[in-house]
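Shared between the two complexes below is chain A, which pairs with chain B and chain C, respectively.
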Partner chain A sequence: MKNKATTFFNVFLVIVFVFAFALPAYAGKTYKLGMSLAITGPTSDAGNPYAKGAEDWFKFVNETDYLGDGDKIDCPIRDDQYKNDVTKRFFEEFLDDGILIFLSYATGGNLALKRDFEEVQIPVIPASYHEGLIVDANYTFMPVATYSENAVGLAEYITENHKGDNIPQVAFFIHPSAFGRGPLEDTQKAIAEGMKIEIVEVVEHGTDLDNTAMLQRLVSKGVQYVICQTVQTPVATMLTDAQRLGVTAATFGETGKLTFLGAHYTGGSDLIALAGTATEGYIWADSYNLTSENNEGAKKQLELAERYGRDEKAANSHNYGAGILAAQIATEAIKMAKDAGMEVNRENLYKMMQKMNFNSFVAAGPVTYSETERIGVDVQNIYIAQDGIFKKIQSFESQYIQKVRAGR
Partner chain B sequence: MSQNRWLATGNFFTFYKEEQRTFFTHLDRTVFTCFLVILFGWPLVFEISNKYMLVLDNILIAIVAVMGLNLLLGFAGLISIGHAAFVGIGAYTLASFSQVIGDNHMIITHFWPVLIVCAGIMGAIFGAFVGLPALRLKHLYLAIATLSFQMIFEWVIQFMSFFNQGQTIYLGRVHWFTGEVGRNEHYVFWYYVILTLVVAMGFGVRNLLKTKYGRCLVAVRDNDRAADAMGMNPGLTKVYAFALAGFFAGVAGALHAYLYRGVGFESFTLHASVGYLAMAIVGGLGTLNGIFWGPVAIKFLDLQVEQFSELAGRYLTSAPNVATALKPLSFGLVIVLFLMYEPRGIANWWRIVKSYTKLWPFRY
Partner chain C sequence: MSYFFQIIVSGIVVGSIYALAALGLVLVYKSSRVANFAHGQIIAGGAFITFFLTVRLGIPIFFSFLASMLITFFLAMSVERIFLRRLIGEPIISVIMVTIGLASIFDGLIYLTPFGSENFSFPTFLPTESIVVGGVSISWTQLVGVIITFVLIGGFSWFFKKSTVGISMRAVSDDQFGAMSVGISVPRVFGLAWATAGLSAAAAGCIIGNITGLNFETLHAFGIVVFPVVILGGLDSILGAVVAGIIMGLIQQFASGYLDGNFGLNGTGDVMPYIILLIILLFKPHGLFGIHEIERV
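So, the complex of A and B:
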């Protein structure tokens, strides 16, 4: 009896050992990615929800076995505090760790690392939609339409909807950096290509807390439209001042008043939270589906946020959606490589990304890349702030941006 | 000097020449040589991570920059809040070459040692120019003058299209005798280059301080009127101190540009200037070894706080952005604590350790 018990115990131990060593082999593979962005510091109001979006999507992928075979994604998210030197350090660290795709953030950081991306031949998904990142670059895959597409598209929207015989008089309110200046330059090129607007003034904002003089000057110069290419805070300050001065147009293009329009990072629920009723009538171009639209995509975004206990602010932020999309693109590339029976490495992921075509619940249109195309979602939605939320007016694709690109 | 050249129990100089020695004892020399052998040898023995090599390279570049600042602030007593701008002058000297002749031109890729010196000279020229107000200004007023240079530098870089409005201006990969320095060797290569420069410049500073020019700096710092009465030219000395600081900063800027293979405006802001000041203060103003301690301590602190704030950011609410505040808070706290409790910096701890070993085994 005692021998039987001993034998049974020994067999049990052997089985435990076999399973202990064999299980990891069947637990699936882990694919390493790396993400560096500003979770704290400048622009963290955008970077923070962006990081949460990406983190939640990867958690969802791992928990639901989205990739199949028990495969998982390991994507450490590092806070570079919007500093290029720190981004570079993180990038080197990620390379040491053997990452397959780099999820990056700021315009400056991406421009600084652009040559490294090409040398290392690593697919990169940035959070910056600066047009310059995909000029002379093969490995940077822009998730959505660029800021230049936003700005040129808004200018086109003005020409199509402007009432009156005069050429629309436009001012640009931009961030004093490449991030702000690039879209302005492309709009100027579009004007050279025949677009009918006139840029009366360009304002590179500082950290002013009062825009009274600037707004009065714009009105006195006959400016009707102000296109903003910056972040939300300066726009909120300007909108609040415009409301106080009574120079905000009640209807689109109202004579003697200012109609405000802006690109991706100028709008969203955060702008409404900052500027309140002063946001009413603000026109915003963006390639993301908003939760205020209350459609299927919005529901899925909110469900994901709820699943991981995100607060309402993060859940409704379009930057949360942007983080999800960046993570989805990386996930899809891995899935495509797996489905094609290829080894999941940088080279094959690069190939897969060039064939990518899928629909994301957070985007305004399908995500498509090709051997020559580096912008995922070309479709933009035009939103207007009404009754405390952004409402969709229409979807469109910029026509003049193609002419601008062809002229490069 | 004691008869035993290995273990001197105290300073006994009988000739000026003895006091002028770089190493007072054979033990000092041996320890220093061993330290150098370790610094030069370890990359050949251990596996190298690019991340840590980048950190080390950055520390070494900061040492070069702080050498200049310490000469200016510590030895000559002239405050500068625009040191990062001088570093930027060096970096943008290279960027200018890149803009004019192309980033992969032979002059940039093959004659990089010449360009590094050029960047230093350009830094010296700007340093001397910015130092001119030092002829009439002192203390806080001089600080404001250097601050204005920092502001002018930032404005010029951000608005001039020649400088790409602050966006990255690329530099090609440099060549060595073995051919192009590839990505895999990049950080190690620059580690050796910068380390060699640090050693050479360190000896340069040490020797400078033994000459009449070096002594002039200290004399002007202690009392410029007395220095004038003793036949020195305080005005020229001040301008020359700024030029020297500018030279070191310019070289550091060029090294930074080559290390990052590009020049972007964000590395040369007022924030970076304050960082250099902190390094000089924490290391120990007016000391040679403080030049090395300061950058090591501040960069190390930077890394630790970065990790801590990242950790804190995960658990704290983002609304007050507490994690963001941790870095400047800890930075400021360290400087204040050093100013309060150890104004002579880490170099003083080193002095105490050395004094102890000098007296050992005797207590007094």
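So, the complex of A and C:
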């Protein structure tokens, strides 16, 4: 009787052990990624919805078995508060954890870690679209058109739509950093290549409460267009002042008035939240599909946000879409490696990313990379602020940027 | 010529808002000799409280504005009571370090709310058209901001000169032991100083927020931006804050209007106030209206 009981217990133990070891194998593999960005601190108005977008996409992937075989993605999202030293620490911790792809954030942090990315040969998907991140770098995969493409593209848009015989007179309103200056330098190179605009003045802004002097100076110098490359808050103050002074152009390029245009981080629903009606007529270049377009992509973005209980503000933010896209690129790379029957490691993911070509519901065009191409979405949408939302005017790809792009 | 006058008007507008934002720093320093590094966070807090009361609770903005000043009044008083009162008599540097710590704590608390990382703007409650006189324009937002600034500064000046409590605060500022010997409660004065600083910070936050929009990083930066104003005016002088604020505003606007974009210069509007500050401090190291204390041993 005792032997029978022992035998039964032993069989039971074997069954337990078999299940204990077999279940995780059946449950699939977990691929580790890492994300560091400013959920709080400077620029967190962009970083916060960006983090939510990435988090929601990875949740969706895991819940719907998007990768197949029960495989999952584990992507811890850490708040670096826009501090480069903290980003570096997180990156090193992620490396110790064996991450396959690093989802990074700011221009400064990425520039500081650029050599590290190349040394450890890890694919990186940044939230900064600074052109310098892909110069002499192989492992950084820019999700969408760079700020330089935005600025040069807007300058091209001006030349194509400017009415009058004169050369369009342009001022740049930029952030006092590499983030602001890089696109200006590329526009100057485009001018040297023959683009027909004249940069009359460059304004590096501070913490301004009143831009009256600056705006009146620009008008007196005959400036017609102001291209902005900064974040929303200073643009909002400038637009409000321009509205008050009555110098905002009612129509594109109106003589004696200023037409305002800007790159990715200057526009969107946040700008309208800050500047209200002063935003009307603002022209914005961006590679994301906005929810105000009310198309299939917009519906999918809103569905994802609703599924995970996001508020209206986050759901409609183009930064939420940007976070989704970064997460989608990482996901597609893993899926491609799996589908090709390859081991999912950094080396193979790097190879897969160079062959990537897929359509995302948040992007203005297809996401494509190659052995030489490091920008996913080359298409930009030109939006105009009308009746409190941004409406698409057209899609385009910058031609001059191909002539002036450095290092590739 | 209207360009010149426009710059003067803009300078006065910007300067008076600087003065109001600086007022809280002066009030705390005047009574306790402490530079409050959490002032920017209180400015932002006041603006967000007004926004919350107006937009989320539907209270008319004028009452929200008054209520937020009242709330920050008591909040700042509580902060003094909980964190700073027990440091009376301790080295000033300890108290300053506590204010730096408080700034971090306030940052963390605000980051826990949507206000830490989202952008908002007050609902429009003033006419959007500008007032234009002789080619010089000023928005209603700016005009109302300047009026509120001068009303508050006038009120504080009267308070310090005429009211018993105000005179007590000045007495504590001049000589703590002397004030105690005539029966003035120094801790109570410190609490009041923080409370009034909180009140003025909330007013400044609302005015700045109405101009720039409500972004936490932008708003709390003004706590630091106005330090040169306070230093130029003299750390313990309300009149100094007003005069220095307007000087700073005018320098900024004139530099931006006449130097930027000419002679290959750029960004002088941000740099020039500091250059002028350094020059003035060479000749008046205690600021324009600061008290030059002479210790006889």
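Following the convention adopted for this analysis, the second predicted complex is superposed on the first by the 385 of 408 C-alpha atoms of A that agree within 3 Å, B and C clash if a C-alpha of one lies under 4 Å from a C-alpha of the other, contacts with A are read in each partner's own complex, and residues count from 1 in each chain.
Methods note: contacts are C-beta pairs under 8 Å (C-beta built on N, C-alpha and C of every residue); 3 or more make two chains touch, one makes a residue touch a chain.
Since we're looking at a predicted model, the values are computed, not measured.
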{"item": "Combined model on chain A: chain C and chain B, fit or clash", "value": "clash"}
{"item": "Partner chain(s) touched by A:233 [first = chain B, second = chain C, both, neither]", "value": "second"}
{"item": "First (chain B), second (chain C), both or neither touched by A:378", "value": "neither"}
{"item": "Touched partner set for A:286, first chain B, second chain C, both or neither", "value": "neither"}
{"item": "Partner chain(s) touched by A:201 [first = chain B, second = chain C, both, neither]", "value": "second"}
{"item": "First, second, both or neither for A:332, with chain B first and chain C second", "value": "neither"}
{"item": "Touched partner set for A:48, first chain B, second chain C, both or neither", "value": "both"}
{"item": "Chain B versus chain C as contact partner of A:220, first or second or both or neither", "value": "second"}
{"item": "Touched partner set for A:40, first chain B, second chain C, both or neither", "value": "both"}
{"item": "Comparing the two partners chain B and chain C, which touches a greater set of residues in chain A", "value": "C"}
{"item": "Contacts of A:56 with chain B and chain C, given as first, second, both or neither", "value": "neither"}
{"item": "Residue range of chain B overlapping chain C upon superposition on chain A, of 99-107, 189-197 or 333-341", "value": "333-341"}
{"item": "Footprint overlap on chain A, comparing chain B with chain C", "value": "39-41, 44, 48, 176"}
{"item": "Touching residues (chain side chain A, partner chain B) in the complex", "value": "39-41, 44, 48, 78-79, 81, 83-86, 88-89, 92-93, 95-96, 108, 111-112, 114-116, 119-120, 132, 176-178, 181"}
{"item": "Of all residues in chain A, those that touch chain C in their complex", "value": "39-45, 47-48, 176, 201-204, 206-210, 212-214, 216-218, 220-221, 232-233, 236-237, 240, 243-246, 270, 273-277, 311, 313"}
{"item": "Residues on chain B engaged by chain A in the complex (per definition of touch)", "value": "49-51, 54-55, 58, 158, 165-168, 170, 183, 187, 260-262, 264, 266-267, 306, 309-310, 313, 318, 321, 323-324, 327"}
{"item": "Interfacial residue positions of chain C with respect to chain A in the complex", "value": "3, 6-7, 9-10, 13-14, 17-18, 107-108, 111, 114, 116-121, 124, 128, 130, 137, 139, 142, 208, 211-215, 217-218, 221-222, 225, 253-254, 256-257, 260-261, 266-267, 269-270"}
